[in-house]
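Pasting a structure here, questions to come.
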Amino acid sequence: MKKFINKVDDVLVESLSGFAAAHSDIVSLHLNPNFLTRKQKALNKVAIISGGGSGHEPLHAGYIGYGMLDAACPGHVFTSPTPDQMLAAAESVHANKGVLFIVKNYAGDVMNFEMAAEMLPIVNGLHIESATVLTSDDCAVINSTYTTGRRGVAGTVIVEKCVGSLAETGADLQSCKLLGDKINQRTASMGVALTSCTVPAAGRPTFDIGDNELEMGVGIHGEPGRKRAQMDEADAITQELVNAILDTLKPVPNSEALLLINGFGATPLMELYLLYNTAANLFKQHGIRITRSLVGNYTTALDMAGASVTLCLLDDEIKQHWDSPVHTAALRWGK
Amino acid sequence: MKKFINKVDDVLVESLSGFAAAHSDIVSLHLNPNFLTRKQKALNKVAIISGGGSGHEPLHAGYIGYGMLDAACPGHVFTSPTPDQMLAAAESVHANKGVLFIVKNYAGDVMNFEMAAEMLPIVNGLHIESATVLTSDDCAVINSTYTTGRRGVAGTVIVEKCVGSLAETGADLQSCKLLGDKINQRTASMGVALTSCTVPAAGRPTFDIGDNELEMGVGIHGEPGRKRAQMDEADAITQELVNAILDTLKPVPNSEALLLINGFGATPLMELYLLYNTAANLFKQHGIRITRSLVGNYTTALDMAGASVTLCLLDDEIKQHWDSPVHTAALRWGK
Amino acid sequence: MTTSVILQSLLDIHATILQHESEIESLDRAIGDGDHYINMKRGASAIVEMHDELADLTPDAALNKIGLKLLSTIGGASGPLLASFFMGMAKVLKEKGDTSAKTYALAFASGVDLIRQRGKADVGEKTMLDVLIPVANRFSELANANADNKTICEALADTAEAGMRSTMNLIATKGRAAGLGERAIGHIDPGAKSCQLMIMTVCNALLKHE
Amino acid sequence: MTTSVILQSLLDIHATILQHESEIESLDRAIGDGDHYINMKRGASAIVEMHDELADLTPDAALNKIGLKLLSTIGGASGPLLASFFMGMAKVLKEKGDTSAKTYALAFASGVDLIRQRGKADVGEKTMLDVLIPVANRFSELANANADNKTICEALADTAEAGMRSTMNLIATKGRAAGLGERAIGHIDPGAKSCQLMIMTVCNALLKHE
């Protein structure tokens, strides 16, 4: 393992400290328990809190700021945060309109956020009200009501952006949750890995993969996906990702959509733009109009080489909230 | 080599096409010769044109837009563009106030841009006037007037941002050149690689490096640096990078500075922020006040794992132009 | 069990986890995200560090404190589940106020039940519950039949082992491996393995005490 | 040399470059950025593709067109330098209007001079000029002494080889390897190697023609 780290146990706090220092105009870092908030507490709005295991940077701390999150709770690498973090964050950022947790659908994240929600304290004589949006856009996983279900991956960024925008208008908790759920249902992602990632504390790659192999449908923690396959041309790989998404969303012809090409951490922009080119053309062939785009490392898996394709079917409400101003470390426009 | 590509010969155009499609609100792509311009031609200002070998994305095309570049000329991977590209770009974006070329100091880039400048045509009875800023911030290389001299690396982004800002005010060609030269003199960078990059057309890593080695002072094309050394803790590595920069810039105590931690392509944000943390602390110990920061993949070397530290000594003029609005694919704020 | 026996067991568990690093880690690398060993180690170390402040507490108070500590230390899926287990045990011990095998069987069952509720899972879903539920059931049976400690310890260690092995040929429907479908078959569930190891360790320790 | 001999030489050069892929590539990987082979191949292929449109031109017009094509095809450091070489040759051939060895020696020298001006470099800086300048000098000497073609070809191939080898023990002061300091020692300059190969190829072709 070759990484820019000192002691394995200090990686998280050193990295968070660097993040907070580099973006001290936007965020504040709180340690023990660990959470990050906006520099300026927002008032009179639903507080939007997300969190999850670290290693997916800029998710989630990079999305704290005007128009997006109020706080983020970073767990250890690939390990969901613990309820005390969410409690402390909620107490710090809630502004009497309730707290919305945006949680990627993993057993660990779901349970830790759930326990936090159950433990939310009474403030000003009122229990801090909360609701939760579970993101589950990874269509590599076959869905079922009897199982843990689909994993939340890069589509989470779209949910956080748009729900954050709606909260900024003063909308109530229930409306924010409804928008989040709607976007989640209209969003599907599918990823592919060319290499494994290496968790610092483990010190070696999470999975072995041959020089001529790829992992189709991989998760953002290096979880095995749909299948191990032979390395192929970008067009063929993208076709498979796009097909999985089309099978899931079944968009009607002429649908308008946002296309997100997300790098997993070690894949350069040059390749991500090439994937964008291929994916956009394939979706166009299926009558989909791509009117919004995002290409880059937005939901990563440490140093994994690979990428995911995310399609979000737009409507006027989602478009409005995607386009609205946002001012965070990792997404910034219109302000 | 595992990359998201189709045919090796098509990588560049497919990637550029994806870039242009994803950012069609900001840029236009022209092929044969290849160059990119702003979607909306800017009037009454010095036209700022940069370019260089591809593989450093988002440099330079990602910096086209309001407040930064007017056009960029992408060469083949790691190969400087050819004069016909610069000529076509200059003819397309010049607005009667001359053209400023921002060129990274490599023999190839210097000569190709030089020939382009010599060949600039006569428009409206006047030769299109031009000037050139050569960036040479890589302090891994010992400087000398008898040699090719220092390489231009990540500091180029700071030059492009600030000169682009000045040009937007209607400043003349000479003033833009002077600001660029000044920033270049006040900027030093030093990089370290943990792995090699792989040029698609070559199909294998540019250099061999052991599992426990690093290349100190590496260039952004994987050129060998100051020395091959044993892998070490992030603090020790950063100390060496910071020392090289301090030796070069010799900043007076209490200097104000911009600190840029630049990833080479395969190093995740988590590690870059950890490096930021260490570097900022070390500079602080030397009495330097870091008041501006940038952390991310801004001047990459394909899929190389590694990073560079850049320090730019600020003054009021540079600060003003760094803070001013910019609206490009890769840098966006204030607008 | 007195608090000091509980604490000794937890020291033993810590040692066992560390001994089985590569085994636990490879299981989670195969069908999870590779962090289960790190999570368990972090939790166990935190408890070892609390040793002195726990020593003077009653068993129920100690177990409750351990649960809260695990809740804020482990994270992931195993964190809230193991925390719930200890808090569930503590609740029954506090209510009953005695340290008989029957009470411990009841407490164990109560801990497992909280895991079941929190994880919305049951036997056959390829999780730690494939170890814990059979062990809880066997424990109740034997305690109700007034079996001696030796019999109980041996039986529970065997039941845990069998439960752990049973996960090998299951498809996962809960937890991270639920995404894998058929590909999860042939691998033991990491959480089942670590629970089996913990149960085995405690049983061995108690057997030695006999 | 007639245009058809020039074109044949360029076909030969294209073949030579392709044959020496791994050698040229490893040299630029060692002390450059690894693209010199790709650059040379791209340039040579572009000229091969122009074959038909060049065939009817005079030698000077053909060389000038080749120079312009290389200028817009190769890029990097070698692109403008090699382009300058061909344009410099073309200029003298056009002025002189004959195809004697003396004229070609003058044309060669003029091409090399443009490289020297464009690259601001000279002998001893570990570049292609360590091949080209000695070859240009030797060519002038021999042509002025009215040496026969065979003598000239053999001598130039040898001089090129010696020049190429001389770069081995130099520190680079121009081009990409200038950043390496002492570490460049022990490696032959890639541009020197490809120039030596090209000169050798043309000399061999002309020798066969004899």
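For clarity, chains are labelled A, B, C and D in written order, and residue numbers in each chain start from 1.
As a convention for this text, a residue touches a chain if its C-beta (ideal position, glycine included) is under 8 Å from a C-beta of that chain, and two chains touch if they have at least 3 such contacts.
As the structure is a prediction and not an experimental result, all values here were calculated from the model.
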Task: Partner chains shared by chain A and chain C (touch criterion as defined above) - done: none
- [ ] Kindly list the shared contact partners of chain C and chain D, in label order.
- [x] none
Open item on the list: By raw count of C-beta pairs in contact, what's the busiest chain pair here?
Closed with: A-B
Task: Per Cα centroids, the chain farthest from chain A - done: D
Task: chain B-chain C separation of Cα centroids, rounded to whole Å - done: 55
Open item on the list: Could you work out how far the Cα centre of chain B sits from that of chain D, in whole Å?
Closed with: 32
TODO: With chain centres taken as the means of their Cα atoms, state the distance from chain A to chain B in Å.
DONE: 29
TODO: Check each residue of chain C and list the ones that touch at least two other chains.
DONE: none
Task: Two or more partner chains touched - positions in chain A - done: none
Open item on the list: Thinking of each chain as a vertex joined to the chains it touches, would you call that graph a line, ring, star, complete, or other?
Closed with: line
Task: Set of all touching chain pairs, with the criterion as stated earlier - done: A-B, A-C, B-D
- [ ] Quick one: which bits of chain A touch chain C in the complex? Just the residue numbers, please.
- [x] 33, 53, 75-84, 106-108, 111-112, 114-115, 138, 140-142, 144, 146-149, 151, 199, 201-202, 206-207, 219, 221-225
Open item on the list: Can you tell me which positions in chain C touch chain A when the two form their complex?
Closed with: 25, 29, 31-35, 37-39, 42, 71-81, 118-119, 172-176, 178-181, 183
Open item on the list: List the residues on chain B that touch chain A in their complex, please.
Closed with: 2-6, 11, 14-19, 21-23, 54-55, 57-58, 62, 194-195, 211-212, 214, 231, 233-235, 237, 261, 265-278, 280, 290, 293-295, 297, 300, 302-303, 305, 307, 332-333
